[in-house]
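Read through the structures below before going on.
You will see chain A twice below: alongside chain B first, and alongside chain C after that.
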Partner chain A sequence: MDISRIENDQDEKLKLENSKRISQLIQSESADSLLLRRWVVISIILIYVFIGLPVWFKLTEIYRAPLPSNFINMLQNNQNIDLKIHNTVYLRVGDQLKFPDLPEATQIQINHELHQLTLDPQESLIVDWNVSLTYDQPPNNNAYILELEVADSEGIAVDEISKVTTLFYTLQSIKNNDLPFFVTQTILQHIFKTEIEMFKTKNQKIKNSNVINYSPKVHLSFKLLTGDGLPIDWEIDQAINEYFKPLTQLFKNYIEFSIDSEIKYFTQLNLKQTQNETKELKLNELSTILDFSDWDVSLDQFPYPQLNFILYFPSEKQSPLNFEFSSDEQVPFLIPQWGSIILHKYPLEENSYIKKEYLLPVLETFTSELFTLLGLPKDPKNPFIRLDALLKYTIIDNLNKGIDSLSSLLKLSESLPNISIPKTVLNNVKRALLARNNIVKYLNEDNDFENALLESIKVLKYSEDAFFDREMVQQNFFPQEHKVAVYLPLLGPLTLICLLGLKRVLSEIKVVNAKRQ
Partner chain B sequence: MIPKKLLLFLCSLPISNVLANEIKEDPVESIEVSEPIQSTKTVEFIEETKNPKYFQNDLIISNKTTYPYSEELKIRPLPKNHLLTSFDFQIASDPVDFSSSLDYINYKLFPRSITPLIEKTKTRELHLRFGQGWWDSDNWGELPNHGINSGGIGVEIWASIEAKTKEDAFASWISLTNSLSGLFCASMNFIDGSKTIYPVRSFNSSEEIPLFDPENNIYLIKAALPSEPVCTENLTPFIKFLPTRGKTGLSSLLDGHRVFESEWHMMSIDIKTECNIYDGLCQYKLDQKIDSVVDISRILRRKKNPIPKPVEGSELICDPTKPHDAFQCFPLDNPKQLQFTLSDIFGRPISGASLISEKDSKVCVDITESWSAYLSVDGQFYGTPSNCFELNENQSYDFFFKADNSEDVLGVSDTLVTASRSLNGYGQDKGGSRTVFRNPYDKPVRLIYLETLPWFMRAYMHTLSIAGGEIDDVVESIYYLPEIDRQRPTHIEFELLIPKNSTIALSYSFDKSLLLYAEYPPDANHGFSIEPGVIQVIEPEKYQFRTSPALLTLPTPDFSMPYNVIILTSTLIAYAFSSIYNLLTKRVIDYDDADFLNTEGSIKTKIRGRIHKIRGKINILKGLLPKREKKVPIDDKIISSIPEKEETKISGD
Partner chain C sequence: MKLLSIWHLILVLTISIFTQGNEQTDESRHTNNWAVLVSTSRFWFNYRHMANVLSMYRTVKRLGIPDSQIILMLSDDVACNPRNLFQGSVFNNADRGIDLYGDSIEVDYRGYEVTVENFIRLLTDRWEPDHPRSKRLLTDENSNIFIYMTGHGGNEFLKFQDAEEISSWDIADAFEQMHEKKRYNEILFMIDTCQANTMYSKFYSPNILSVGSSELDESSYSHHSDVEIGVAVIDRFTYYNLEYLEKVERNSTLTMKDLFDSYNFDDIHSNTGIGLDLFKRDLNDVLITDFFGNIQSFVDDEVENDILELLNYNKESDILDFNSSEIENEYKNISLINNEKVFDDNILNLVKISNSNQKNNLFKQIIGGLVLLGLSVFFFSKQ
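Take a look at the complex of A and B:
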């Protein structure tokens, strides 16, 4: 007998026997019960996937406050869409003459001129800007007043102390009906020229890096610095009282200045001490030669910007300073956003006392540099009109900067899905938007620029607080993988059990189906 | 002719010749001493190098200017070759009428960095202490200046603030500490309500503090940071307060490396407001002090050998009271003869006197006959009978010290009373505090002992006990303000009367609280520093000192606990779930059946089945091959893995 055939027969037999036994085992449970078990397995998997996982995900989620993204995006895309800057010019006509339709006629011309600007995208204004004319009495003495006076020839006179502009016209111009044109020219080309220029789109890109951000309070610090330790003194009290105080009085509605002065010794220049006499000061090396941190002069004790004005005398060792660029004995420098310094070539003698008469021209230099640092425009001559223009521009600028911060915050929150956004951020965003609403109200309804400015500073502050929230930045590094790793002891076994159960049920179905066939 | 320069030292004696001989006799010292006559040349030389080209303008006139600034250095040798150096800088601001609002301030000398801060917070007095090291009162006696300028280890700050209410005062205080924190690079911004106390009897100023608004009150507030490391970054702003800014004058000696290398050092800043009753003008007075104790022999050793090496046999000084020969020596640590200069101690000489100050820079040395101190200028040595020197020239100064017997120092005044505090007890939840006061003299001592305990150290006053005396005799009164969790520390002020020649131990026990998870510092197991107790002796004379800080260990949790909890719970849930899942989806069958199913379904059976199949096929193929009888059993052996026994069994079937 062939052994292999016997073996094969025997295998077949065994298989038959086994499958018989399996089918017996399967049939020992009713079909209903089997079906129920399958349902149990499938429902557990369904509960796990559709209820368990979402609940786990929700419960372990990082808190992300809902930011008003649509509104912020709208503001970012349509800057200053709901803002109006409307100036009112009060007309006064002297010489007992009356022009009842002059405001209307001029208004048409002004509107036309402003409309012309919108045609060119470079020339268009970033905000809805307009001027209206009226014969009403000015509500306060801070209003723009345009006086019309008859004279031999046409001309314009700008007052230096108040915002009164006088337009001289001839009787001939009335006859030619040129008066509305003259008034329009005066208003747009003289009184508000700087303001219009500031609001033009093409001028938005050019930022003056010298200028500090506008703040209603600015600290001015006058310093007498000497490289030596020899006692010196200056008559700064009287000089400031006589010369600088009237200036601060002039500005008091716009900027409040706090002033101090100090004398500092041993403030040496960072010059290489070489034996030969050529201690040449090069202009491009000046930033390393003036070492403010070592002089310990710029301290942040004030919550508002500080500008420093320095009168510098070198030490005996380092003198005479050899200015490469100038042969003068004293050279002033403007340091962007920091202040100004006047370098002297020769040191002061021991016990020198600088009299106020010497300080007056120095303070004049400092004043003109102060105007540059504050970003005051050059035109027109009247400082109030210049300050007004700066103020209005600052409102819009702050506002746009604030909205920029908010939209950057949105971008950040969208690009980092794992970053937490705490409630404080949301509150700051809300506050910034509330302050913005107040600005809209102040500008559009009340023409109240001072309050609008205060609110615009708030917009800037709150939006920056929202962006630089400490908690938000700290939570940055909490990735999703971390969470999965921590919960793996739960998720791993559950998933494995469910999948193996499913596999078993599937193979069981296969066996049962095979048997049925 | 006496050189012009020498006239400046009016009190100095022309003894340099004598000194020169003295030094020349000494072979160790190699300072070159020149004849005094030569110094005239030096003066000429200085004038030559000065380039007298100044800024000339008619509007700049010459006017003698002096400023209210003075500086003084006191040097005093202590036993066992230690040296106490005390710097004292005093600055006053210009008198100003503070009652009217100021819109303009002129700073001439007074530091501009601190004044707006004081004015904003209406601080009338401010006291800051930065200290490190241990004052050995057994050897060194009393603290300098009766301990008034000394603080505890770490940072201590107290201030008198004018305010309407206590809340206003606290708000000013927080603003003050935050600003000072930035100014001095110290973590004073961590001072909050839970570290702040309002001392009742301690720290009271003897002088009247001016009130600018009669409706206001003065609030005295104090806090301490005992675990703050005091270092160079705290010294730099300290020096910048001075008009000389460490460039000339005595402050040019202050080098962070040397000051902080000392055995004990204390920086103090005191600002006071003083008003003149007659003209109503007020001014600030700033008093800055640095006291430090250095080990002279250690510093000289380091200067000679920056890398420590064993002393050569020939240089060893053996104890003569013990046996010594070429092979045996009990070395004496401290050589009796000393010679050193001030620049050895501080690493640099004084670079010129301060010319801004109204008084000359003054250096005083407190020494006995065994010591001698000389001022050294340009290799010339000058001495004075009072050992006080006034410096007023813009040139380098150094001091030379020589001791025949360095142990012979001016007698130290012993401390009236000593105190030491320790924490005792065991376990993680309870502890005790014990402070031992020792009065070795024949006079009873009355003192106020102030303790500030953090809120997580809950002291029980009923456990207060006194060892070594009757509690009623010793404790005169107690001021006790219990803690509020996370808001207020425990504030205790004991008025104690320590009887003559006695040792009193005051002890009480406390509970340790558990902190919240996030409240533990990064090094939680290091423990929490308890600020030093302040002892203010009232009788028989005023003296102030502090105990050392204590280290309290709190029960600290395992900081990975949240993760462990999550992981453990997850595992348990997974376990429970799997059991229930199995019960629901599997059925109960016979053990034999289960076994059968297992073998049937198992991989082993499957593989065996596969092998059977292959073998069957091979056998079929074999059947097709021509028969070679001899080879059959060999083939069988190779291919079949079934034992023979089974084969026979099957064939039997």
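Take a look at the complex of A and C:
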């Protein structure tokens, strides 16, 4: 009781002293300067509240570039709506015969067949695909040519080394007006069968797990591995120069290959050494027997994917390898997304020198595996038609992947409202969309698949650059709710000074008012 | 007519999109495995955290994940610490049977590189363009990722290096970004820290299986001390995990259920937690090697033996068609890259970089000079 009363007394004393001091101060100052001070305090507070705070709020805001969300959503929901894959087949009729209305008649049938496909959602194509026929001269050596020749019976011959297909017909079939039907069948069921299959909706879900993702550059590494340390050599240089170069030439518009070769010694198999030398190797044990991580063969030397092709000879000690699954002396295997290996049963002798003639079948095997790893279709036999189909599919695939990335970016920006979206992201999005426009132009107007592929690579690259922008990491900014806490060292003192000044002015006003009364 | 067909296409597409969402599978569809192993604490007395992470490193390496697919983050190097009586070794047990540091170890991020920012960058793959490929998580939609973290943590956070912390939300958002960009098939998130089970409580992306060592308000305990090393050598949770995993071979058919069933309170002294709500597959079907191993499959592919023959035949016929010298020139241009060539390119790049650096420096010098001049004018005008 007593203490509190004393405190109260002291409080009142303090208050009295304070007001005394203030009234003294007021008396010592002129009314003008008092008024001036009031204005100063009020204007500072006004600047603080109405200019300072909004500016601070604006300047510390997280920058979020306005992404063209409607357009990207539209593209994502209606994939390839504005794209056309249009092929042209150049007709050549031999034997001095002329069928002036054959292209028109065939076109009607082709259109009908393609329309039939759209009726079944599983069979329908993901892009507007068509083929047209003409008697014009082919513009280059790379065009599809269909030759018509009279023969004793009907038949089709798809050339294996060029894009020329020959359709044999009889005079009877002209009489029955079957020729347009035969041409349609040849085109849709033989020349472009694989291409149509690839574009079918039902085949989009199944992704072949052997195939690497498309990259415009791929490194091929040919390796000779031996379990022993005996000196050996191989004519890989000559073999590649002689046999493999046409392949790199074939792919030059699709993938640029870089090639190296290597010999590695002492690459032992992970076999448990037993007394019984004739232990059988089972297929499902291979993954534990062949240990790539120990051999140090996959190097991340290049900023693009690498495929490895290995010719393996066991060491003297571990041979002969007794394959349970094959009686051959050499067995090739495909390793999904990694490469291929050919296992030999017997070891190499000392100072072996592998001739290029021996390497030809080896390279043939590797080429076949390479085709699988790159996702080339299995038929037709003609590698040019296979590559063409893959190239066209890759354009659409890259495009859809790119749009997918952009729409992921969009979803991300919506689900994380505090993430910053810098200008570079917007620029990359714009570049990707521009490249997409170019694809539409190249495909729909020029039928220029090679340039369309180049642009589709750009779509893929820029959309990934936009998604993986290095600024878009949470640690580069802080959430809105932490803002006040972070800026408290600045805001605290300022606010305190303003409030104390306001309090002082208010108490002055009180004293002056009291005096007047 | 055309308009009609466009609408038709849209209809078909939307139908196909809906039907795509309905598939479900029971066995793992992954084709490659990755591991991210993180120890977040520094200093000698946290020896056990290093041993924890190296236990996992040893296991995944033994079960076949190559070093290029393991991202190892070690915030301190206890193996070469002057207080380590056994230089160059880290042991998980006082009997010192297993040297976890081993003969070949590849640390991707060490010392002060182990930061929250780098960890998030690693998961989301957001780096500057010249970040080395071996230090990136180059996963795709077919990758199973094993993420192991250990350190000192609390309710929904894990401390990094006494300087910063990562929250459950940060990791959850990073996972969502990975999911959005299809950067994983399945994730196993394992964490050994105090109150570990809170760390996975905020995850919301699908196909994540989480395991934690202890509940909320519960500590995670160390197993035992080694008298000669002088500190605790491993945490209980990881110790018993390693003990179980040492029994697993590459072709083992043991499942995650078996591993989880092996946990018990008497051994671990805390209640382990298993986050199943985001994971669709039955644990009885999930092999331990789905996450800890890398089973390389070998496909007996049908081989065509005449592709090169066809192409070589074509080459000859081409020569007949064209001017032969032209063909030869074209062949010379094919890039058969040998190592020298690559090296040359690198040199060129280096020259370019140093050039631009010089330009930058000059620019900076000019700006610096201007600023100095301005300041001195200001100074003298005051006087």
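The criterion applied here is as follows: the second predicted complex is superposed on the first by the 362 of 517 C-alpha atoms of A that agree within 3 Å, B and C clash if a C-alpha of one lies under 4 Å from a C-alpha of the other, contacts with A are read in each partner's own complex, and residues count from 1 in each chain.
Criterion: contacts are C-beta pairs under 8 Å (C-beta built on N, C-alpha and C of every residue); 3 or more make two chains touch, one makes a residue touch a chain.
Keep in mind that what you see is a predicted model, and the values were worked out from it rather than measured.
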item: First (chain B), second (chain C), both or neither touched by A:L416; value: second
item: A:E350 touches, of chain B and chain C: first, second, both or neither?; value: first
item: Which superposed partner A:L59 touches (first chain B, second chain C, both, neither); value: neither
item: First (chain B), second (chain C), both or neither touched by A:V505; value: first
item: Partner chain in contact with A:L290 - chain B first, chain C second, else both or neither; value: second
item: Partner chain in contact with A:L247 - chain B first, chain C second, else both or neither; value: second
item: Touching partner for A:F313 - first (chain B), second (chain C), both, neither; value: first
item: Contacts of A:S124 with chain B and chain C, given as first, second, both or neither; value: second
item: Which of chain B and chain C A:I259 touches, first, second, both or neither; value: both
item: Overlapping contact positions on chain A, where the chain C interface meets the chain B interface; value: 240-241, 258-260, 301
item: Chain C partner contacts - residues on chain A that touch it in the complex; value: 77-79, 81, 115, 118, 121-122, 124, 126, 128, 141, 160-162, 201, 204-205, 209-210, 213, 219, 240-241, 243-250, 252, 256-260, 283-288, 290-293, 298, 300-301, 303, 325, 332-338, 341, 360-361, 363-365, 367-369, 371-372, 378, 381-383, 405, 408, 411-412, 415-416, 467-476
item: Chain A to chain B touching residues, read off their complex; value: 1-8, 10-11, 15, 18, 21-22, 25, 28-29, 33, 37, 40-41, 44, 221, 229-233, 236-237, 240-241, 258-263, 265-266, 296, 299, 301-302, 313, 316, 319-320, 329, 344-355, 357-358, 486-494, 497-498, 501, 504-505
item: Footprint of chain A on chain C - complex, ascending; value: 5-6, 8-10, 12-16, 19-20, 23, 29, 31-32, 61, 64-68, 116-117, 120-121, 124-128, 132-134, 140, 142, 170, 173-174, 176-177, 180-181, 249-251, 294-315, 317, 321, 330-331, 334-339, 342
item: Chain B residues touching chain A - in the complex, by the definition given at the top; value: 50-51, 53-57, 59-67, 103-109, 112-113, 116-117, 179, 240, 243-245, 247-249, 352, 354-356, 394, 563, 566-567, 569-571, 573-575, 577-578, 581, 584-585, 587, 589, 593, 596-597, 600, 609, 612-613, 615-616, 618-620, 622-623, 636, 642, 647, 650-651, 653
